[in-house]
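Shared between the two complexes below is chain A, which pairs with chain B and chain C, respectively.
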Partner chain A sequence: MVLPPNVSEADFNAALGEFRSAVGANWVFSSDEDVALYRDSYSINWGEPDERVASAAVASAKVEEVQQIVRVANRYRIPLYPISTGRNLTYGGSAPNMRGSVVVDLKRMNRILDVDEKRAFALVEPGVSYFDLYNHIRERNLKLMLDVPDPGWGSPMGNSLDHGAGYTMAAFRDHFSSHCGMEVVTPDGEVIRTGMGAVPNSDSWQDFYYGAGPSVDGLFAQSNFGIVTKMGFWLMPMPEAILSGTVTVPRHQDLDPLVYEVSYLEDLGLTGMPQYGSPVGRSAFGPGAAAMASLMQNGWPSAAAVENFVAAQKLPAWSVQLYFYGPEETVRGTWQAAKRRIGKAIAGATFQDGEFLTLPIPKEKEPTQSDKPRLGIPALEVFNMVARNAGNTTNPPDGHADLFVTIPRKAAALWESAHVLFEAYKELGLPAQQNPFPTPFTYYSRCFWTGTTVPTWRDPEKNARSRALFEKVMNRCAEHGWVGYRTSPAFQDLLISKYSFNNNSLLRFQEKLKDSIDPNGIISPGRYGIWPASMRKNRA
Partner chain B sequence: MVDRRSVLKIGAATVAGVVVKMPLSGRSLSAGRAQVVLHRAVFDDRFTECRDFAAELHSAGVFTSAIRGDVAKLWYDDLRVHLRENRLPVAGLTDRVALFCLEELARDVGMRVIFRADHVMDQDGHSQHTAAGTASLAARARDLPQAGFGRTTAVLLSEFDLSEPRDMAAQKLTGPFSPENKTALVTWLIA
Partner chain C sequence: MRPTLLLLLSVGLGSSVLAQTPSETNGKVVFDKWCAPCHGAVAPKNVMFGNGALAGTSALAVKYKGKLPAVLEQRTDLTSAQIKSVVRHGLYGMPITRKTEVSDAELDDVVAYLMRNRKK
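Up next, the complex of A and B:
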C-alpha cells in the first residue's frame, strides 16, 4: 500500500472510513488491484519508486459528495487528484500528479444536464464522455455538431481543463475557450459558479461567459485550485455541408506564402483546421527513403540543396487539406475563393476537390466514414493507426510521451525548429528523425505546434534514457523560446520553469493564490508546477 | 456487431451471462474441469484465429460480439451498459489495440484484465506466445499451438475457475503497439 506523504496509516484509514461514509463503501477503492487501475499506462516512471501512483480512489456521484471528500481531506491533509474520465494518455492518464494522492474519480457524475439546440450549448458533468454527448445529440436529432479530440474517449470537461483541442472550426476546437460557465468545489468545500452562474435565477449561464468582475475560469484549468463539477460548452450548429479540398505547392519555399494564405482564410473564420502535409517528406517513408537519407547524410542541408532535392523528387513540396463547414453555396464559394487567392500567390499551385458531405451523416454510414473527428464523430480509430506505425521496431514501446512546443505560425519557425530538434537528437547519439519537411500541428489556430514523441517503457533503464531525451529536447527548445503547452506530470516542473519571466513571477503569483485558497495543499499538489507551501521544496 | 444467431439462441439469458460448458472432446486440455460464467466473447473478425475463438465459445452458448479494430461502439453502446448492471467476465481474442482500449475503459465499471496471452505472429505464420495473469491460465497458455490457438484458448478460458487467486501481472502489461511487420493478437479475460 502506498500512503500519502506525511500521513500515518491510522489517519489514512480513518480518512478512508469517512470517504466511505460520504460516498458509500462500494465507491472507495483501496485494494492493490483496484488502485492499479489508476496507473498511467504510458508512465515514464513505470515501476520506479517515483512512479506517480495513487493510494486510493473515491468515486463521488454528486457535488455534495465532492464537498464532503474535500472536507475530509482537509481534516487529514490527504492530497486529492480529481479526474473526469482520466484518459489523457501521454499527459498522465488517470494517475495523480503526486505519488500517494487519492484519486477523486468523477465518472459517476455523468449527467448531461442541458443541451439547447437553438442556443447551441451543452451543460455537462465531468463523467460525460464525448461519446455520451454525441449519442445524446444524435438520438434526439439535434442540429448540433461536436468538436472532438482524437481519441474521443475523454470528456469535454477533462479535455478542456487540460487545454485539449479538436479538429473543426477555430472557435470550437480550442475546447477551453469554447466553454461558458463552470461550477467548482473550492479546496475549502465551498461551491462557486462562474459568469452568469453566479446570478440566482439567471437563464444565461451558458450564454455569457464573463458575468461581471474578474473572470476566474482560467484558474481551474491545468491547475489545482478546485474541483470542477459542471461545465458549459458552446457547440457548433450543425452545418448543412462539409467540403474538403487539397492544395499542393511545388517548391520548398512555397510553404511561407501558403501558410499566410491559409491563415488568412482561417482567421476570417472561413475554413476549419488545416491539415498540412509534405508529399516529399511522406515519400521518405517509402520509395524516397534512400534519397532522403542521402540528403541528410552530411547534416542539415542548405536551402538550395533542399530546393534541388524537391525538384529531383518530382513531387510537390507541400500540401494542405482545407475543410469548409456551412451551407453548400458558402462552402463551394469559399473553396473557389481559396483557389483564386492561393493560385495567384503561388506559381504552380494545384487544387484537388475533396469529399462533399451533407449533414447529418446517416447513422448507418458513420462506421465507414473516414476521418471521423473532422466530422465531429468521436472514435478510437487513432489507436489502430499509431499502433502499427512504420516507426515501430521489433520491440515496440509500451507507450509514449509527447513533447509539443508552441512556435510562431510561420514557415521559417517551423523549419528552424526541425533543425534544432535534429541537432538535439544527434547530440544524444540518436537517429534524428527530422528533415526539412516538418508539418505543423494546427490545433490552435493562431500558432503552430511542433515537437517529438518519446517512447515509454516498462523497463526503468529505457525510461531513464527517454527522460534524458525528453529533458534535452525541452531544454534545447526553450533556449529558442519554444515551450510546451501541456506535458506529463513527470515534466511539469521543468516545463513551468521555462515560463520564467521576471524570476518566475507568474509561478510565484500562482503560488500566492495556492497558499491562500488551499492552505493545506490538498488539491493536486504539484500540478503544473504549483506546489503548496509545505511541499515547495519538492519542486525540481 | 452482435452475432444474430447468438441473440436468438441465448436471448435474455445473456444479460446475466452464460455458463460455459465446452465440448472438450478431441481437444480437451483437462476434460470436465470448471465452468465459467461469461457475459461476452469479443473477437476481431479480421483474423482467423479470432473467428475460431468466437466460434468455439459461440457453440458453447456464449454471446459473441465482432469488432473490426475500433471497440468504441461495442463499449459505449453495449458492453458498458450491461457491465454496469452486472460485472460478469468478458473474454476476448483481439488485437492489442482493442484490448488496450477495453482495459482502459473497463476501469469505468471497476473491472480489470486478469489474464492475457499475447500471440505475436510473423508474416510466415509463426506465432510466439507469452502469457501473464492468473496462474493456472498463464501456465497452460505457454504451450499453445502455432496454429489453431484461437480454439485452444477458448477451451482454456472455459475451464477457468473465477475463484482462483488473482495475479496482477496481466494488468496494464503493455500498450497498444505491435512489433514491426508482425501482428500481435491477445487472448484476454477481463473480470
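Up next, the complex of A and C:
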C-alpha cells in the first residue's frame, strides 16, 4: 500500500470513506489489485522506488462528484491526479505525476453532450474517446470529420489538454487550439466556464472562444490548476473528396526549396499535413543498408559525400505526400497548382497522383481502408511499429518514451539536429540510427518536430539505459535551443528546466499562480514542473 | 403495469443474476469495441508501419508462426486465466485495461465469447 506524502493512514482512510460517500463504494479503488490497474504500462521506472504509482483511484460520474472529491482532498491534503480516458501512454498513461496521488478517473463521464452539424462543433465530457465520438457521428450520418491522433484510443479532451495533434488541416490538427470553451472544477471546488460559457443563456459557447477579458483556457493544459469536465471542439465539415499526391525531388539540397513550397501551400490552407519521406533513407532499411553503412562509417559525412551517395543510389533524396481536402474541383486544381509551383522551383521533381476518395467512405470499406487517421478515422494500426513484427520477432519492448523537440521549419535545422542526435548516441556507445536523411514530424504546421524514441521495459536495468539515453538526447538538443513540447512525468522537471529564460521567470510566474489558486497543492503536484510551495525542492 | 414490472425486474436482474451469467453475445460487443482494433481479423490493405495486419494479430502471427491462429476469435485453446491476466496486466505494448473501461462483468463476457469454441 502506498500513501500520499505527508498524509497519515488514518486521514487517508477517512478521505477514502468520504470519496465513497461522494461516488459510491464501487467506484473507489483501494485494494492493491485494483490500484495496480492505474500503473503506467509504459513506465520507464517500472518496479523501481520512484515509479509513479497511485495510492487509490476514485471514478466520478458527474461534475458534482468531482467537486465533492476536490473538497474532500482539500480537507485531508490528498493529492489528486485527474485522467480522462487514461490512454496517454508514453506520456504517463493512467498513472499520476507524483507517487501516492489519488487518481481521479473520469472515464465514467462519457456523455457526448452536443454535436452540431451545421455549426460544426462537439461538446464532450472527459471519458468520451475518439472512437466514441466518431461512431456517434457516423451512426447519425452527420457531415462532419474528426481530426484524430494516432493511436486514436484516447479522448479529444485528454489529447488536447496534453497538446496532442492529428493529421488533417492545420486548423484542426492542433487539438488544443481547435477547442472552444471548457468547464473546469477549480481546486477550491468551484465550477467555472470559459469564453461564452460564462454568459447565462448564451448559445455560443462553442462558437466564440474568447468571450471578453483574459482568456484562461491555456492554464488548464499541461498543468495543475483545475479538473476539466467539459470541452467543446470545432470539427471539420466533411469534405466531398480527398486526393493525395506524392512529390519526389532528386538531390539532397532540394529539401530546402521543397520545404518552402510545401509550407507555402500549408500556410495558405491548401493542403493537409505533409508527410515527408526519403526514398534513399528508406532504402537503408533494405537493399541500401550496406551503402548507407559505408557512407556513415567515418562519422557524419560531408555535403559533397552525401550528394554523391544520392546520385550513386539512383533514388530520389526526398519525397513528400500531400493531402487535399474539399470539393473535387478544388482538390484536383490545388494538386495541379502544387505540381506547377514545385516543378518550376526544383529541377527534376516528379509527381505521382495518389488515391482519390469521395466521402463518406462506405462503412463496409472502412476496415480495409489505409491511412485511416488521414481520413479522420480513429485506429490503432500504428502499433505495428512497436509491437512484435517482422523486423523484431523476439524482443518487442514493453513500451516507449518519445522525445520530440521543436526545431525551425527548415532543412538546415533538420539536418543539424540529426547530426546532433547522431553524436549523442555515439557518446553513449550506442549504434547511431541517424543519417543525413531525417524526415520531420509536421503535426504542427509552423514548426518541425524531430527526436527519438527509446524503448521502455519491465526491467530496471534496461530502463536505466533508456533513461540515460533519453536525458542525454534531451540535454544535447537543449544546448541548441531544441526542446520538447511534451514528455512523460519522469522527465517533466528536466524538460521544464530548459524553459529557463530570465532565471526561470516563466515557471516562477506559474508557481505564483499555483500558490494562489491551489494553496493546498492538491491538483497534480509536479505536473510539467509546477510543484506546490510545500513540495518545491531544490529551486531558488 | 405488467411492462413496468417486467422492466423493473429486468433492471434488477441486470445488476445481479444476469451479471453472474456471462454473455457471449455481450462479450462479442465488448471485444469489438476494446480488442478488435488490434486483434481483429480484417486488416487494412496497407499501413505505414507493418505488413498490413492489425498490430495484435500481426504480432501473434509472428510469434506463433502458424502453430496457433493469430486471430484471437479463432483460438480454441484460450483459458479464462490467460485472457484476464493479459487484459488486466497488459503484455508488451498492450497496456493495462482498467475496470472503468472494461468491468469485471464485461471481462467475464469477453472470456465467455473467446472460450466459446474451446476444445472440451
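As a working rule, the second predicted complex is superposed on the first by the 529 of 540 C-alpha atoms of A that agree within 3 Å, B and C clash if a C-alpha of one lies under 4 Å from a C-alpha of the other, contacts with A are read in each partner's own complex, and residues count from 1 in each chain.
Convention: a residue touches a chain if its C-beta (ideal position, glycine included) is under 8 Å from a C-beta of that chain, and two chains touch if they have at least 3 such contacts.
Note that the coordinates shown come from a computational prediction; the quantities given were computed from them, not determined experimentally.
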item	value
Simultaneous placement of chain C and chain B on chain A, clash or fit	clash
Touched partner set for A:32, first chain B, second chain C, both or neither	first
Touching partner for A:371 - first (chain B), second (chain C), both, neither	second
Touched partner set for A:312, first chain B, second chain C, both or neither	neither
Partner chain in contact with A:303 - chain B first, chain C second, else both or neither	neither
Partner chain(s) touched by A:212 [first = chain B, second = chain C, both, neither]	neither
Doubly contacted residues of chain A, that is, touched by chain B and again by chain C	29, 34, 36-39, 41-42, 85-87, 89, 94, 107, 131, 153, 367, 379-381, 383-384, 386-390, 393, 396-399
Residue ranges of chain A touching chain C (in the complex, touch as defined)	27, 29, 34, 36-39, 41-42, 59, 85-87, 89, 93-94, 105, 107-108, 127, 131, 153, 367-372, 379-390, 393, 396-400
Sites on chain B touched by chain A in the complex	69-73, 76-77, 95-97, 100-101, 103-105, 107-108, 110, 112, 166, 168, 171-180, 182
Of chain A, residues touching chain B in the complex	29, 32-34, 36-39, 41-42, 85-87, 89, 94, 107, 129, 131-132, 135, 152-153, 367, 378-381, 383-384, 386-390, 392-399, 458
Interfacial residue positions of chain C with respect to chain A in the complex	33, 37-38, 40, 42-51, 53-56, 58-59, 62-63, 88, 90, 92-101
